[in-house]
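Naming follows writing order (A, B, C and D), and every chain is counted from residue 1.
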Amino acid sequence: MHSSRHRLNFEEHRILFDPIQNPRRGISIFMGILLAITAWGGFCYILQWRYGLGASGLNQPVLWGFYITNFVFFIGISHAGTLISAILRMAKAEWRRPITRMAEVITVAVLYIGAANIIFDLGRPERAFFLFLYGRYQSPLLWDASSITAYLTASSVFLYLPLIPDIAILRDRFADRKWLHRFYQVFSFGWDGSPRQQKVLNIGITIMSVVVIPIAVSVHTVISYIFSMTLQPMWHSTIFGPYFVCGAIFSGIAALIVMMVVLRKIYHLEPYLKPIHFNYLGILLLVMSLLWFYFTFSEYLTGFFGHEPTEMRVFWSKVTGTYAPYFWTMVFFNFVVPVLILSFRRMRTIGGVLVASISVLAGMWLERFTIIVPTLANPRLPFPSGIYFPTWIEWGLMLGSFSFFVFLYLLFSRFFPIISIWEIEEGREVGLEEVEERIRSYLPETAGTFNSREKERST
Amino acid sequence: MALWGMVIDLDKCTACQACLIACKSENNVPFVGKQQADRGRIISWLEIISETEGEYPEVRTRFIPRPCLHCDNPPCVKVCPVYATYRNPEGIVAQIWERCIGCRFCMAACPYAAKYFNWHQYRIPESMEKGFNPDVYVRRWGVVEKCTFCSHRLLRARDRAAAEKREMRADEYVPACVEVCPSKAMYFGDLNDPDSVVSVLGRSPRAFHLLEDLGTEPKVTYLMEGERHALL
Amino acid sequence: MKVGLISSMIEGKRHWLLLAGIILFVLIVVFFFTTVMGRGVKQPIQFNHKTHKEQGVECSTCHQYVREQTFAGSPKIEVCWECHEEPITESREETKIQQYAKENREIPWVPLYRMPKHVFFTHRRHVAVAGIQCETCHGKVGEMVKPPAKQLKTLSMSACMDCHRDTGADNDCLACHN
Amino acid sequence: MRISRRHFLKMFMGAVAGLSAGCTDFEKISTGWRSSEKWGNPLEEWIPSICQQCIGGCGLLVRVIEGRAVKVVGNPLHPVNRGGICPKGLAGIQSLYDPDRIQTPLKRAGERGEGKWQPISWEEATAIVVERLRGLKEKRLTNSLVIIAGQFQDLREPLLHRFTDAYGTPNYIRNRCFTPNEVSKAHFLMQGVTSPLGYDLMNAGLILSFGCSLLEAWISPVFQLRTFGHIRQERPGNRGRIYVVDPRFSVSASKADQWIPIRPGTDAALALGMAYVIIQEGIYDRKFVERNTFGFEDWTDGEGKSHVGFKTLILNEYKPFTVSSITGVPVEDIFSLARAFVNRRPAIALGEKGLSYRPNDIYTRMAIHSLNGLSGSLGSKGCLTVQSDVPLTAWPGTEQEESVRFGNSQPRIDGAGQGKYVLATDAMENLPGNILAGRPYPVEVLFLFHTDPLFSHPKRDTFIKAFEKIPFIVSFSPFLDETSHHADLILPDHTFLERWQGSPVRHSSGFSLFSLGRPAVEPVHSTRDSADFLIEVARRLGGGMAKAFPWKNSEDLLVQTTKGLYHSREGYVVSLPEEEAFRQFLEKAGYRIQETRSFEIFWDSLSAKGAWWSPAGSSAEVRKLIRTPSGKFEFYSNTLKNQMKRAADEVGGMERLLADLGLRARGDRLYLPHYDAVEAQQTAESIFTLNTYRLMSMSGVTAAQPWLQETLAPHVAESWENWVEINSERARNLGIRDGDRVWIESRKGKIRLKARILPTVAPSLVHIPFGQGHRAYGRWARGRGSNPNDVIMTLEDTLKGFGILSGTQVKITKA
């Protein structure tokens, strides 16, 4: 294990310090643009506040639209992070090392935005605190509030714990910068890399990994409950919990891949993020795509086979009706594109994986949309079924949400290394041996047998 | 304790929509104007649902007035995160406007689409505000509103009875829609009283409930159109 | 600049700045509460509740609907007129009654207690049926020589509900909310 | 000082909202409505009134709190509606508080129709009108005053009539399609009755309606709705049947036991086809027909000339297959309908819809009414009845000076009652043309009363031109409607909730009734009851005019007029049904309770309860129902024959008259119910026949009431505009989808409307409801949809004097 006392070769990880030390002008400008878009979103929100939720395109049957779609989508993406990183940590997948930090940041950043989207959707946002004053535990919305809060706390801690040694590194690296130094000093909690500290930290990380997984699973399960706990056609489904979790991880991985490619490009992280990482993540994405398709297929097949009239109205509106374009685009983006690209080793290049990921992100957003809107637009009673067109306010808030997410991400990378330095070091120092040890432990005791088999095969 | 319920005899109902306007007038329900109406934001606690089957000349249209059905097992109540909507001991599914945070979960959960949202602060010309019913609070923007069985009338009827030191009679409390129905197709009363009109009619072989199979146990019973007579 | 201020506070160098900040904050709060939240009510006549009570005038003599209606009612001029047709005292306030009577208009009393519109409150049920004393909610107005400028007791939903709970009255939301 | 959570929130929100967009009206938002002063009259009052949103004459109770009318409900005691009320009635409160009401008298300041007005005082306005009228009087031109009055039922009706009468002009012209206070023409011709029609619908076993929209906008909607509820489920073991013959699948049709779609204008043929089945199968009421009818069998008159009887005519000409091919109704339906009609007696055939069925639809109405004769639906419970008059105090007689008599003896400007308009009481159709031509004399002054012909009449353009020829136009409308825009002087009337009303309501149900309405609220604006105004003008004109109007004001008029009720010793002020049942029981036993000891008490009771009625006022006795010279129900109408003869003399020969009327029938058939073929319709892919209709909560008058604008119809969810209903298949062929905008084009003009594709529409028709497309009439009504009158080619129904608003050929194209 690495210790910061043991002098780290700062030069070796120069690339990682660069964004902090010599922030690139282009990125600053880009952040400025993002902030401007966010401000535009804020302006939209002020307008919405001024005129009421009527400023959106929501209407009587279609009373949830972009905001809830974004909410589900963003919370879904948040699974990228913590869940994947926790699972990989638990599984001791060594290739995780340069990825975990990126994933965790996604989680934390995106959770805020998801939560904000739910606030956007409230008719009386200033009464949101009623949830805590007068909360009714029977309501899935309160389960949501609780589990999201828990997840936010847990994943913040989970992000922060492994960050401490790195902050200490930064503290030492930037000893000459007064404010920055002081900033890191506060947050490094006096980390000195002593074995005791390392032990505590490791225990902390392990505990958090264990804790975070059920919380993450619960978050999206509970979000699915918002829909499945109602009696509405194509919402009231038992499969929704796992379906949503699967979709969340699916979109999370895609988001992670996209962020990795982007950051690799702008921060020149090629030495850290190698094609192998993308290959592995690509395989993971492929698996999730297949799993997602399996869920979707069985969800729609059971609905179709039962042929319950109200259910079928929604079904047909998705399959052949008003929402068919969204639905089939979703299938194309979520299944056809990723499976076609990722099934072939040759196409699992960084570019290929990126294309598949972007496709999945778009597809998953559409998936949320096609789950929410068509059901609302086709209520049970013969009611004037509604048509929903988002207004520019909703588009503005959606754009604002996305750009604020990227902004937060870049802001983080502006102050903290986006790849865990100490974990890379740890990988070098401890991981290699550990892995070798572990692989050995998988295999039969005598090395001779192994060697002789190898020989046999080669001949 | 009473359990308030309604019976609507579809064989007598003429789809005249008087109930609907009576409700708007009684409960200060705003009109939303052309632009909002085109976006599907008309608020109308009671609505006449129409359903047409067949092709000319073999056609059939059914009209069903749908107030809030005040389910005994209301799907909307379960999902409200702040107790803004709840089923009171007398069976009225109430909406407390000043508690509502406007999340619209209850609207999404209601299979009857009986809840409405104030998408804006609806304003009407000052002169028309004089026509507001002072007994009913004017809902503000961003909250969900719905039929309350005119519970403010219950409050006042009960208060009158208490002031006269007697029990309130069931017939002192009638919602505005029932009061004005020109063809007397709507009945209102205490379902706990086996001899009340609503209980008797509820046992009619013509009786049915909307979307009965959902198990929401609505307290608004409909009587089918047709030959067979109510038990009155 | 701001950072400097904060840091100086933290470092405890310039205590007066901190003090000034706190005072400023308190002033803002006080200002806010006194101006925005209402300056209190000024009645057209400086009515002396105490004297009237001592003379044996009941609350319900002037607030005459208290037992019959949901509202208690502001005193009508004809009620005042019954006793004050001829001046009884030398009070300057009393002459105002004559003035209003001469102009044939009601005294523009300013309502002090107003229920929010989403609450249905009925005086007759609380006073006539339940027999609650006026003081319970309105405080000891009867001992005041000037009309209260502010509510002597703050009426809040929890106060209502506590009393309802203690007396076994209905605490259902719809028992009060419109 | 109360610092509640609510306050705090309010402040917080106020701060945020203020910061966010400089919102200044926050306080207003949160208040909703201003708290009222508690020392006004804090108690609620319920004041009886009469609904004037249509002619139904329902009794209202207005809930008044602190001088504000906050709710209208039906008067539970009122015999017409018994506490029920329709959406229009409920929305009346919105017209009271409409922000676009005219607030003071207005004098035209700019050019006509320019919309520039100068507010003037009532004194000045009265002086202007008096001066004008006095001027005409001096010039012996009193007949050049024309009053056009719309559709309403009130004592103002006789009052206006009296005004014209005492002033000396025959030109009191009604612009309306329903004439509930007049006898229906067909009933007059066949039964000889002279009082308004009545049907005992409550006890009918079967109601066969030919296009009368029982449940939408017939004579007295709420009474009919009440009837519907009653006959469906309130007569255990005797559920009434309702059959609706209508080209459109109306709400009435959808609530009926059977809808019989029919080719428009061919109702007569169907009725006569049914008569064929009834006669052929011999299931008609033989006793009644033999004893009480005239002209059923072939007959020979006094001169020995033989005449064709109804039976022969029917059996020869209206065989079911013929009828089926004319009407499009399947043969088996004709049979089943006819059999049901006689088997489920008492049965009533309703053929008195407001708009005309077709040109010269008197024969259609007679044909339908002949079914009532065949099934003997006269003289028993559940059949036709007749209303007796309300025993009001007769108004003092008018002494007419010579000049007044001269004026009154002039021919009417619209020509009603003369020549080819022989049967018409009013000929609105003819009016603008005659004004333009100055025939028979020019019009000097026009009063417009509760009518808006520039909106409601298809001859809008001609009317505008005609109005330009009139030097002085006075409108009494409380709203600045289309016609008022062309007036010189607007004298805003009270809305009905602000004024005294008295109405000897005429409606379809028979019993005699007088409703009284008190002003529910103080006038909101400086408006004036037009009745008061007329009384004032009459007083100032002096002479016989003043003597004809001896009342102080409309309240006095009512007090004086209702004295007759008190002294008549019949009927009583309405009370609870139980109480009335007891009283009727006593009356049957020969006792009559003297209800009140003095007129004052009677008046108090009447003005507190809102109506007086005499349930015994209607009669179902055959003797009273049949008043023809022959004393029989006349299939062959001698009255019609006499009238036609008179008219023929006026125009110079029968052939000339028949040519004017466009009648093809000759000889005996002219006085028998018969069917004249309608012209063949054009057929092309995009050509449709336009059918217009009225809905319960949508009319020209109520277009200014936002509640109704948001609940226009139960069968389509439309609001704030009208639409055109098109058959699904034809729309598909034209590439029109539900909700598309389409052009509806006739030879007269074109309008743009939203298309609603419905499976209920007959392929050859399109339906447009009336009531939208105002060009003025306040913010709520103006510019909502299009007015179908802009495409309607008026066909004249000369015998009725009212244009036909359906049947125009229109072309539909996608906009």
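A few points about this structure:
Here is the rule we go by: a contact is a pair of C-beta atoms (placed from the backbone, for glycine too) under 8 Å apart; a residue touches a chain by one contact, two chains touch by 3 or more.
As the structure is a prediction and not an experimental result, all values here were calculated from the model.
With B-D and A-B as the two chain pairs, more C-beta contacts join B-D.
Innermost chain of the displayed assembly, by C-alpha centre distance to the whole-protein C-alpha centre, is B.
Mean C-alpha position of chain A lies 69 Å from that of chain D. Taking each chain's centre as the average of its CA atoms, chain C and chain D sit 56 Å apart.
Taking each chain's centre as the mean of its C-alpha atoms, chain B lies 33 Å from chain D.
Averaged Cα coordinates give chain A a centre that lies 44 Å from the centre of chain B. Annotation for chain A: residues touching 2 or more other chains are 127, 384. Multi-chain contact residues, meaning those touching two or more other chains, occur in chain B at positions 42, 50, 98, 121, 137-138, 141.
Multi-chain contact residues of chain C, defined as those touching 2 or more other chains: 116-117.
Within the complex formed with chain A, the residues of chain B that make contact are 36, 39-42, 47, 49-51, 66, 75, 78-83, 99-105, 107-109, 111-113, 116-121, 141-144, 210-211, 214, 216.
Across the complex, chain B is touched by residues 68, 70, 116-118, 120, 122, 124-125, 128-129, 172-178 of chain C. If you check the complex, the residues on chain A that touch chain B are 51-54, 57-64, 118, 121-125, 127-128, 130-131, 133-136, 138-142, 145, 226, 229-232, 376, 379-384, 386-387. Within the complex formed with chain C, the residues of chain B that make contact are 86, 88-90, 92, 94, 96-98, 135-138, 148, 151-152, 154-156, 159, 162-163, 165.
Chain D contributes residues 6, 29-30, 32-34, 36, 65, 68-74, 81, 83-87, 89-91, 93-94, 96-99, 215, 221-222, 225-226, 228-230, 232-234, 236-237, 239, 249, 251, 254-255, 259, 261, 524, 696-697, 706-711, 714-715, 719-721, 727-729, 758-763, 784 to its touches with chain B in the complex.
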